[in-house]
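All chains are identified by letter, namely A, B, C and D, in their written order; residue positions are counted from 1 within each chain.
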Amino acid sequence: MSSVFTLLLKRETRLLFRRPAELANPLVFFAIVIALFPLAVGPESQLLQTISPGLVWVAALLAVLLSLDGLFRSDFEDGSLEQWVVSPHPLALLVLAKVLAHWAFSGLALVLLAPLLGLMLGLPLGAMPVLLLSLLLGTPILSLLGAVGAALTVGLKRGGLLLALLILPLYIPVLILGSGALQAALQGLPAIGHLLWLASLTALAVTLTPFAIAAGLKISVGE
Amino acid sequence: MNWTWFHKLGSPKWFYEISGRWLPWLAWAAAILVSVGVVWGLAFAPEDYQQGNSFRIIYIHVPAAFLAQSVYVMLAVAGVVGLVWKMKLADVALQQAAPIGAWMTFIALLTGAVWGKPTWGAWWVWDARLTSMLILLFLYFGVIALGQAISNRDSAAKACAVLAIVGVVNIPIIKYSVEWWNTLHQPATFKVTEKPAMPMEMWLPLLVMVLGFYCFFAAVLLMRMRLDVLRRESRASWVKSEIKSLVGKSA
Amino acid sequence: MNFSSFADFVAMGNHGVYVWTSYGISLAVLILNVALPILARRRYLQDEARRLRREELK
Amino acid sequence: MSTPFLEAVALACERDWRLLFDKLDLRLESGEMLQISGPNGSGKTSLLRLLSGLMQPTAGQVLLKGQPLEAQRSELARNLVWIGHAAGIKGLLTAEENLTWLCALHQPASREAIWQALAAVGLRGFEDVPCHTLSAGQQRRVGLARLYLSAPPLWILDEPFTALDKHGVAQLERHLANHCEQGGLVVLTTHHSLLEKPAGYRELDLGQRAA
């Protein structure tokens, strides 16, 4: 059972690396959205610093959402999902491996890119650990929740916008906690409370969402 | 335990018959309770010493907000019943209740905003309750949009059920995080709906209105469900004869 | 009765606009919620009547 | 009467307000081959998906060895090879990688066995070629190679002959007939009439049922 889990992880990794451009797209999107804001609100560093927590988080959230639209699409079209459903392994486990692989390369890359963009927005170096940690804890939740939406909309012709409509409201707690942690760090307050909350939400998402994703995929495949 | 009633509940024919008997009662109860509540709340309840007469909006805002939240929970419950026991009626209830819930959320938001103007001096304030209501409205839009987007109606019902269940697990998290975000950003704002002790002349009409709104919801839901049942079961012989008699009456 | 005159009742102590718009729009929404299913039902029955007539002609 | 291997009881399927079929009864024993035919849109694929548990019927139920499908998903998974319209082949992976994964998902197989299966479907020398460079017929062969590994008894195949050349079709027909004669059970849809039919061959025409 666990061997299928690792095999699927390996397979997904291989697939992602055979098309590296798709890995880069969310990152470039993330950078562009961040770059739009100084152009829109003006380059004063004070203003940028105050809005940077929210900005980084909104941009990260949108980048993750964008990358999730195609999460199950190719598996749906080439019949892989059908094979998953008729296999003897629990679908929730397979799905967890798939999302984990996806997160490890898109979410994690986002986390690594964030400090650079944070610096450009004038975030002090002292806030970087909190930025990294909050994204590290928050992006898995974004990937997992988004995967629920992706599973439900995978069979639809134009699911992208619908996916955003379904999932963005569910992202709000993560947004509040993540940017709250960063704001606290900016004001020199301890951010540990926020981070602990984020961690418990991550644990909750890892345990519960695979079942919702699996149910969603079964519905989409069974249509 | 005897479960026959539960399976009977799943039979569309039985539902159609029993709901036809309940509907007039519910409709009358809703009409009477709401009109009594409105007149009582508007004309007879004493005015609030702080907010004056604008507080009378509470008699719509609070029942609508109550209903909006409980309808979403009902969606999730119907979703569980539909997914676990494969009861078709639960699917019907889920999809027919969602638009009503969205309208109730809209009423709660609108009255909240209008109420905000004399109270806070602005049409929209990012108050914790209003913000949660706004998010709830988005959640309703999601369920409705998903149901409309999937053409196969069984899959649509199942997908909506999954989404409603995920949403309902999230609602408390959203609510607490929004409340917490709110206290962080605007400490100690004046909360309209949380009065320490409301005198009886004030909350009694509120109770009447809440009951009236629930009856209203039940009546409208039954109306919508009955139509949907006729559509879905159009091949069944009892539906054919029912439609024949209804058509005969209207012609 | 909490108000001394009808004019007082309408004015609602300067908050009349807010109170009456709230109640007005809410009432409109409630009526809409009742009217839509009734209209949908009528349209459905008309469609069915037409279908039945077509089938009788056949 | 003994319980059949796969049984459908009063099966009904409805898609988008249209009734594809209803009151469909089927009893399939080991050694039989059922060809489902009918015009486009008559519900051939839907019936296959119902039988393999991918789709839920509008009414009725599917029984495997006398037990309903939903109650024994793992039992079904152990007994079933399902190859749909799309066989679950990734264009970015090589033939061997694809087959290894599909086997790992259902019934792990050794590397030699996989190479032998690929050779059996005429793909010797194409083992490490990414599948998107293969032709449509060759890609289909990669999916069908699963049938040449130690496969479970029940095969449900949706249009397995599409894109295959004449030789490939004949070979697959022989292989399917062999499987049935050895006690397997094949349910398939196809538009062409089979030349090689096993003893237990039957045909179900969904178009005629409706008429």
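Just so it is clear, contacts are C-beta pairs under 8 Å (C-beta built on N, C-alpha and C of every residue); 3 or more make two chains touch, one makes a residue touch a chain.
Note that this is a predicted model, so its numbers are computed, not measured.
The chain with its C-alpha centre at the largest distance from the centre of subunit A is C. Compared on C-beta pairs in contact, B-D and A-B come out with A-B as the pair having more. Centroids of subunit B and subunit D (each the mean of its C-alpha atoms) stand 47 Å apart. Between the Cα centres of subunit C and subunit D there is a gap of 56 Å.
Centroids built from CA atoms put subunit B at 32 Å from subunit A. The distance from the centre of subunit B to the centre of subunit C, each centre being the mean of the chain's C-alpha atoms, comes to 17 Å. Touching two or more other chains at once are residues 152 of subunit B. Listed for subunit D are residues 56, each touching two or more other chains.
Interchain contacts (touch definition given at top) occur between A-B, A-D, B-C, B-D. Across the complex, subunit A meets subunit D through its residues 3-4, 7-8, 11, 14-15, 18-19, 74, 77-80, 82-89, 221-223. Partner subunit A is touched in their complex by these residues of subunit B: 83, 135, 138-139, 141-142, 145-146, 149-150, 152, 155, 158-159, 162-163, 165-167, 169-170, 173-174, 177-178, 180-181, 184. Put simply, subunit D touches subunit B in their complex at residues 15-17, 19, 56, 58. Against subunit B, the residues of subunit A that register as touching in their complex are 145, 148, 152-153, 155-156, 159, 162, 165-166, 168-170, 172-173, 176-177, 180, 201, 208-209, 212, 215-216, 219-220, 222-223.
Residues of subunit B that touch subunit D in their complex: 86, 151-154, 235.
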